[in-house]
Amino acid sequence: MTHPLQLTPDGRLRHLLTVEGLSRPLLTDILDQAERYAGQPSSNRGSSGSRGLKVPLLHGKTVVNLFFEASTRTRMTFELAAKRLSADVLNLQIAASSTSKGETLLDTLKTMEAMQVDMFVIRHEASGAAHFFAQHAAPEVAILNAGDGRHAHPTQALLDMFTIRRHRPDFENLTVAIVGDILHSRVARSDIHALRILGAKEIRVVGPRTLIPAGIEAMGVTVHNDIDSGLADADVVILLRLQKERMVGAFLPSTGEFHRDFGLTKARLETLKPDVLVMHPGPINRGVEIEGDVAYGERSLILEQVEHGIAVRMAVMGMILGDEGAAA
Amino acid sequence: MTHPLQLTPDGRLRHLLTVEGLSRPLLTDILDQAERYAGQPSSNRGSSGSRGLKVPLLHGKTVVNLFFEASTRTRMTFELAAKRLSADVLNLQIAASSTSKGETLLDTLKTMEAMQVDMFVIRHEASGAAHFFAQHAAPEVAILNAGDGRHAHPTQALLDMFTIRRHRPDFENLTVAIVGDILHSRVARSDIHALRILGAKEIRVVGPRTLIPAGIEAMGVTVHNDIDSGLADADVVILLRLQKERMVGAFLPSTGEFHRDFGLTKARLETLKPDVLVMHPGPINRGVEIEGDVAYGERSLILEQVEHGIAVRMAVMGMILGDEGAAA
Amino acid sequence: MTHPLQLTPDGRLRHLLTVEGLSRPLLTDILDQAERYAGQPSSNRGSSGSRGLKVPLLHGKTVVNLFFEASTRTRMTFELAAKRLSADVLNLQIAASSTSKGETLLDTLKTMEAMQVDMFVIRHEASGAAHFFAQHAAPEVAILNAGDGRHAHPTQALLDMFTIRRHRPDFENLTVAIVGDILHSRVARSDIHALRILGAKEIRVVGPRTLIPAGIEAMGVTVHNDIDSGLADADVVILLRLQKERMVGAFLPSTGEFHRDFGLTKARLETLKPDVLVMHPGPINRGVEIEGDVAYGERSLILEQVEHGIAVRMAVMGMILGDEGAAA
């Protein structure tokens, strides 16, 4: 399935709604653009390492963060990315309940379009919300999906790929294990698409049966309900955040049991490849998906992921809205 | 009644509190200034039509949106206008209850004046709040009324006039019908003042008896309790938003009945002049004041109103705070 | 006790956590830098007095206001200071309860550091919170304490000193009385440290026994439980805000009684030195610590304090983050 909705007729990025259907050259181009904004790899960086770079690329453009689901941290990354490109940024937090009907969403979109907003960064609890906005957006307005329901979180996947590539550009050799609540995770879906586009050797999903959707093998992954087999020989381990509201009940007996069975403990880490890369989209639940010592240990790339998230979001915004961008 | 409070001794704009008492030349000057910031009329605009224009006029100035009444949408328009003029903008949402006493309001004003704020954009549920602030403001501080109780909403009236003028600059030939809850509407009051200043031929207020204030004829309008007589031969129809908290009860039997009797349906629209202009300050209540198809139909100027709202607010801010402005 | 944590090895400001332990030259240097940003003393200022000055010193830097305790007014002063230095500013209001555990605070700090934030302005209800952040901050990240529990509020003390110095630079001749709830006041602690560093002749704390901490004489102050003896011959009176939640109960019989016994009334003011300076960190409780007429009377410096607060915060941010700053 392709998503031409997010591409211009000549194949450039017009919206970013999902990783699914992006070509390898386009996805690679995004990562290459992000290199312009990311600092030197931290191992090469002196103690006076340069901080965030500010460029005038989007001066005069307006970006609105339209969040129907609260996420201070994700909102910050988009706000920082836009401000470092010199765009004007407005933050709107809207209770999803008050705009649940499609036509009310449309009124909101049309009204803000009329205010000459150039880009909407949209987070919504409903899968498909970003597509809905993109389908109805005026030609000069771009939509950036910041997470829609269980569906997609494309900038998270792009920053994950960027982070992996900095350490292991040889995707064709990589075995990647995605661990935890696959069922509810838009991050898992987007990461799987991105890893397949980049040609990862093997993609595994690892978790309890209740948290792995039936038929996910069709996405080109193997399923492991046992963590030890799931992590054996893995080059990259991507842990997913367990949402608190789903931690206990129908899906899970207890968070303690989850940690015992699927958490990345220090002891478990020592059984893995010595150069394994440990990732997590954050914020972490210490003692659930991951032990605190592991999260800030030497194999962890969690803070690099955050840092790269700004660069990747700058790249996407710049490609869509910049002078040579599709919507410029 | 004149309002010299908002004018300098030589007749320039110092605050904007109300449309009442503005001279026709000054009101026209505001609309002319707004033409500098508004895009080309949409009919003349290519698909690559330029978006919001950013100018350095208010670089170094500080505008504070001081909202005692929540209105995300209105706040956004002022925030965008100020940012496109390169001002620094701070948003403050204050619960009116916590500052209900006049002296506490004054403490807030004096404190923020001391922070060298140049302009306060004030929305308050109490009629007269903006005047109160202007009466006590320091000489170098400007007040912009973003809606005070039932009293005035001057920038809304100005953007309405701007929008009408783009289509029908011949105010002396225009019959304008304002429809709905006139009683509680600051928009209606401000529009009536503006239309009279610009010399509209006839101004009608149309609505149920319970929602039309007694004695409003003194403002120079005619009253219609029947929509068909009210809209007959009208050149412009301005629908007002029905506030939800007033929809049912003492004033109205039901929103369905209101829609039947006073809503602008497609069927009713077809009985009107073929070139009638349909306007609404937004956000619309679909199926109450207006049918959804009419709101986005070809006679509707609702989205133009939103767009022009930014330009008009930029014009007012620039005239007051810009290099040649009264408070510069 | 020194606090080298906030200084670089060569004695420049790296964080600002507390006034305690600052040398007189460094504290004086901050006040001198603030003179660059403060307007002319109001007595010398024409009616067209220049408003806030905008300079490009921190262009490209990112300042995050991280408030775990709500304070719109204080947040505004830091936001304005950073914007007038051309920094990008993000505001985060975080419920303290959701991040009460130290390791969760650390996750927040580390995550935001990874976003290449240059400075965190931190307000927290726990004494020591700013130190905790500074202890764990990366080398390129600065912490500015905007008030932590009962411990310190250094920028408030600096702006108080700046304000006093503009009127009375002869600290060695000054008797300063700090009046009210000393027990819970971080402002009192920070002011006492600053006044001692600048060599004030005499520092008195004045209040009911229940609101004066035992052993405070060790800080170099004298204790007065009677307001008339406390204010006799005082050159400066600093009134403290009485927090509402502490107004009545274990500490105080009633606010009326407090006002009678310790409030600065017009009658009481007339018994003081004719050139006494009256100060209050704001927001004032009229009729509790101070009578309204006194607050805006000719001896009051309350609004000057607000104005100087912006200049002092600009100075501190510029010294830490500017081109010659410790963290630049």
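So that you can tell them apart, the chains are marked A, B and C in the order they are listed, and the count of residues begins at 1 in each.
In this section, contacts are C-beta pairs under 8 Å (C-beta built on N, C-alpha and C of every residue); 3 or more make two chains touch, one makes a residue touch a chain.
Predicted model only: the values in this text are computed from it and were never measured.
Undergrad: Show me the overlap between the contact partners of subunit B and those of subunit C.
TA: Both subunit B and subunit C are touched by A, going by the contact rule given at the top.
Undergrad: Can you check whether subunit A and subunit B touch via the same residue numbers (shared by over half) or via different ones?
TA: different
Undergrad: How big is the gap, in whole Å, between where the Cα atoms of subunit A centre and where those of subunit B centre?
TA: Computed from C-alpha means, the inter-chain centre distance equals 41 Å.
Undergrad: Can you tell me which residues of subunit C touch two or more of the remaining chains?
TA: Residues of subunit C touching two or more partner chains: there are none.
Undergrad: Residue numbers of subunit A touching subunit B in their complex, please.
TA: Residues of subunit A touching subunit B: 59-62, 88, 90, 92, 94, 103, 107, 110-116, 118, 139-140.
Undergrad: Write out the stretch or stretches of subunit B touching subunit A in their complex.
TA: Going through subunit B, the ones touching subunit A are 39, 47-49, 51-54, 72-73, 76-77, 79-80, 83-84, 282-284, 286, 292, 296, 303-304, 306-307, 309-310.
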